[in-house]
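Below: a set of structures, written as C-alpha cells.
Across the two complexes that follow, chain A remains constant while its partner is chain B and subsequently chain C.
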Partner chain A sequence: MKEDDIVVCRCEEITLEEIRSWIGKGYRHFDELKRILRVGMGPCQGRGCRDIILRELSRATGEPMDKIDPGVIRPPVKPIKLGLCAYGKEGAPI
Partner chain B sequence: MKEYKTDVLIVGGGPAGLSAAAEAAGAGAEVMVAEGDLHLGGQLVKQSHKFFGSKDEFAGTRGFEIAKILKNEISQYGGRVKTFLDTTVSGYYPDEGAATLMTGEEEYFRVYPRKVVVASGAQERLIPFPNNDIPGVYGAGAVQTLMNVYGVVPGKRVLMIGAGNIGLIVSYQLMQAGVEVAAVVEGMPRVGGYWVHAAKIRRLGIPILLRHSVKRAIGDVFVTGAEITEVDERFNPVGSPTEIECDTICLAVGLAPSGELLWQAGCEMKYVPNLCGHVPYRDRYMRTSNRDVWMAGDVSGIEEASAAMIEGRIAGLAAAESLGYKVKAEKFEIFWARLKNLRAGEVGDKIRAGVAQVVVDGWEAK
Partner chain C sequence: MSENKSQNTKKTADVIIVGGGVHGASAAYHLAKEGIDAALFEKGYLSSGGSGRSAAGLRQHFGTEVNCRLAKYNLECFPTLQDDLGGELNLEFTQWGYLWVAYTDESMAQLEKNVSLQQSLDIPSEILTPEEMKRRWPYLNVERMIGAAFCAKDGHINPHTLTLAYGRAAEKLGARIFTYTPADKLLASGGKITGVQVAGEIWSAPRVLLTAGPWSTALAASVGVELPVTAERHNLLVTETIEPFECPMTLCLDDGAYFKQVPNGSFFFGRDDPDEPKTTESGNSAKFLEGVTKSVLQRIPALKGVRVVHQWSGPYDVTPDHQAIIDWTPVEGLWVNCGWSGHGLQFGPSGGRLAKEMFFGEHTFVDIHNFRLSRFAENDLFMEPAFI
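This part shows the complex of A and B:
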C-alpha cells in the first residue's frame, strides 16, 4: 500500500504517510498533529479524519482506542465567515 | 446579532429530533428545532424501504412516509414548535447557556435555550486506501441522497464496500434505479445486515464477497475500477488482488456519532465500540452529565431510526418535565418498554452491551 497516495484528511489534503511520519517523530496526541498538520481544521472540522487518526495513534502507541484522547472539540462545528461574528448585540458592526 | 429564547432547543430535525419536539411541545414546552438540511426528516427522507420492528415504530411503513407522519405530528402544536431549516447549531457555550446558530452562510444568531436535546445524528465513516480522493468514491449515504432525494444516479457500475444494512439496502436501490452493482465487498466473514436484505440482492445475482476489502481505487481523473483483495481475520491482504471494473466505489463502512456539541457542553464521554464511537454517559431519561443537555438517536450510539424515535420521545418528554411541565409518568414506562422490546433478542445483543457501558442509575445518585 502506497501511503503517500492515501488521503486521510481531505479538507487539508494530509496523507497517511505524513500522519505516520509525524507520529514517528513523537507527535502522540491528536491536538499536536492538528497544530503541525492542520488535520481537523478544515471545513469538516475533523468529522472525516479524526477517527482514522485516533486509530493510527492507537496502533502506534499500543493503547486501546478508549484511552486515546480525541483532542479538544471547540465551536464552531463548521466554518463561519468572520464578518458574521463581527456584530455586537445591537446588530451594528463592532 | 439576533437573539432568541426558547424552552427547549432541539439540535437536528431527523427521527430523534422530531420525536423529541413532539413530546416536548405536547407537554407544553416552547420548542425550537434547528435542522442543517433544507427539509425535516433527516435520513428518513431518503429511505424508500419499509421499516421492520414493531407497529409502534411504524413497521411496514416506508422511511419517507414516517418523516411525513412526524412532521404532521409537530405541526399540530402550531407556533409552539418553531423549525429553522438550513440551520446549523455551530456551537454551544455551557457557561452562558448559549448556542450559536447559522442559517445558510449569511445569518448568524444566538439562542438561549433553557434545555437542549442534541439529536445531531452521525457521520459516514471513510476508510483509507490509495486514490480514495478521486471523483467516484462516495459514501453510501451520499449515494442514497443523490438518488432518492435528487433523482440522480452516481454512475453506471458500482462496487459496494460493506455488507451491513446500509450497504445492502443501497445496493438494492441502485439496482432499482437501473445501476449495475459489480459486487458487495465485506471484510468480515459474515453479512452484517439483515438476511432478508442480503437475500434480495443475492437473488438478483450480485456476488457478496466476504473477507474481502478494497485495496485501491483505479483511475487518474475519476474512478475507472477498483482493486480488491481477500483479507485474513486481522484484515491483512492475502493472495493477489482482483481488478473490478466500475465507475463508482461506494463506502458503506459504518457511521460515527456526531457528538461535537456534546463535547462542547462538557458531557462525560466514553469510547464504546459497540455504539461506534465516543458517546455520552446517560441516565434512562437520556440526560447527559450536563444537567441541561439530553441526547437522542445516532449521536447517543449508532442504531436504527426506530430506536432513535423512542429515544427522542424520552429525551423530549424529560426535558419538558425538568422545566416543570406536567407529563404523565407512565409515558416513560411505555417508551422504555418499547425500547427494550426493540433491543430484545440476538440482534439487540451488541446495542444492549454497548448501552450498559454508558448508562448511569441517575445523575443524582452519582
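This part shows the complex of A and C:
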C-alpha cells in the first residue's frame, strides 16, 4: 500500500503521507500536528491515530516511544450529548 | 520550525520577539518582510497560549473607536490572508456573522450605542428585532430577547493555522523562530534593553518586542517595567461535526455565554465565569460543562442531541479597562503588545503592521495613543464595553 492510501486518522481522513510530510517540515510534537491536521480532535479523540503518530514521531526523531510527548487528552473522555450535560437524565425542561 | 537549534546560530538579531502567539508571529512576518533580522522565542509551539485557545471570532462590533478602526482593517486583510501567507495552510476563514443578543434594556442600550459608532465608521452592523432574528435564523429561541446587534461581515478563522501560517511565512522571509524555547528574562543596562536570556544563554538585540500575553507581566518585571496585565482562565467546548448551517457567533452580554458553528460543522460553546481561577494554567472545570450547556441550549435547543467531544481552557491577558497595551516602555528599545483581554486573536494582522511601523518610527496607520502604557498611572482608562 502506498503512504497516501493509508488513512491514519479516520475522523479527519488524514493519511500517513500527510503525517510524514508535516513531520518532515519540522513539526515534531503530537500537539503541533494536531493543530495543523486536526488529528486527535475528532469524535475518537485520538484513540485511533495517537499511537500510530507517536510511532512516526519516534521514527523521525530517533527518540524511543516512551520519550515522545503523547500530547494532551481532554475531558469528557467520551463524547456525551449536550442535553445530558445540561439537564442530566431527566431531560430538557423545555 | 527551528526547535532547540539556538546553539547553531548567531545569538544576535535586529529585534527579538518574545511570545509566539498571533501578534508575535505577525510581527515577525511584517518585520522580516522589510528585511529586518528578527528572532522569535516561544515557550511551546506557535499558538500554544491564548491565541490557539481562543474562540477565534473575527468581529467589528466594538464600543471604542480605535478598536473599530483596527477591526475594520483586519477584516479587510482576512479574505486574502491565506494566499498572502503562502497558501500552505487552510485558515478556514468564514463570514457567518456576529449576533449580540440582549435580554435587558441596559444591554440593548449599549448595543445600540456600539452600533451607531460602528455605522459612523462605515462598519455594516445593524440592529435587529426578535422577529427579524427568528426570520433569519428559525432555529434560535428568541423568547424574552429584546433585540440584537448583527454584522454579517464578521466571522471566524482557525487560530492555530492563522498563527502557524504567519510563522511559516516569517521563516521563509528569513526570520528565525525558536519553538519550545522559553525566554527566562529580559536584559537591560543603563535604561536600555540589551537582549533576552533564553535557556541560560544571552541573546543580544537593540530592540525587544514583548507579545507574551499574560506571561508578559513577569518578563517585563524582569527589567523593572510594571504591566497591569493579569491572567484569567476561560473555558470552551467543541461538539462533533454536524451539517453546516452557518449559525453565526451568537453572544449574550447578560450572561457571558456564546456559541457558533465553525466551518467543519462543529459548534463552539463558551461562557464567562467569574469564579474561574486567575491563572495561566490550562486546567478544566467540570461545572463549566453544565453551566454553558444550560445557557446555550436555552437559545438553540435543537442541539441537545449533539455530542460534546472535548473542552479546553486558555488564559485571557486582562487589563483594568479590557484594552490592549501597545507602546514603548520606559526601558529604551523595549516595546509591548499585550493585554488584549480576550479579543486579541483577530487583531493579529493589525498587531504585526503596528509592530513594523513602531520599529521604523513611522506614524501608525491608526492612532493608538489610547493604548499607551502610561494611561494607568494617569488614571486615564478607556473602557471597552464590548468584551466577553
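Assorted remarks:
As a convention for this text, the second predicted complex is superposed on the first by the 78 of 94 C-alpha atoms of A that agree within 3 Å, B and C clash if a C-alpha of one lies under 4 Å from a C-alpha of the other, contacts with A are read in each partner's own complex, and residues count from 1 in each chain.
By our rule, contacts are C-beta pairs under 8 Å (C-beta built on N, C-alpha and C of every residue); 3 or more make two chains touch, one makes a residue touch a chain.
Nothing here was measured: the structure is a model prediction, and the numbers come from that model.
Once chain A of one complex is fitted onto chain A of the other, the partner contacts of A:I23 are absent, as it touches neither chain B nor chain C. Applying the stated contact rule after C-alpha superposition, one finds that A:C85 touches each of chain B and chain C.
In the superposition on chain A, A:P75 makes contact with both chain B and chain C.
Residue contacts after overlaying the shared chain place A:Q45 against chain B and chain C alike. In the superposed model, A:D66 makes contact with chain B only, not with chain C. When the shared chain is aligned, no partner comes close enough to touch A:C9: not chain B, not chain C. By the touch criterion stated above, A:I53 is placed in contact with neither chain B nor chain C. In the superposition on chain A, chain A positions 45, 74-76, 80-81, 85, 87 are in contact with chain B in one complex as well as with chain C in the other. Residues of chain A touching chain C in their complex: 25-29, 31-32, 35-36, 38, 41-43, 45, 74-76, 79-83, 85-87, 92, 94. Those residues of chain C whose C-beta lies close enough to touch chain A in the complex are 1-3, 44-45, 47-48, 52, 89, 160-161, 164, 179-180, 238-241, 264, 269, 284, 286, 289-290, 293-294, 296-298, 301, 303-312. In the complex of the two chains, the chain B residues touching chain A come out as 1-3, 88-93, 100, 102, 105-108, 123, 125-133, 215-216, 256, 258, 260-261, 263-264, 270-273, 277-278.
Residues 1-2, 5-8, 10, 13, 16, 45, 47-48, 51-52, 65-66, 68, 70, 72-78, 80-81, 84-85, 87-89, 91 of chain A are the ones touching chain B in the complex.
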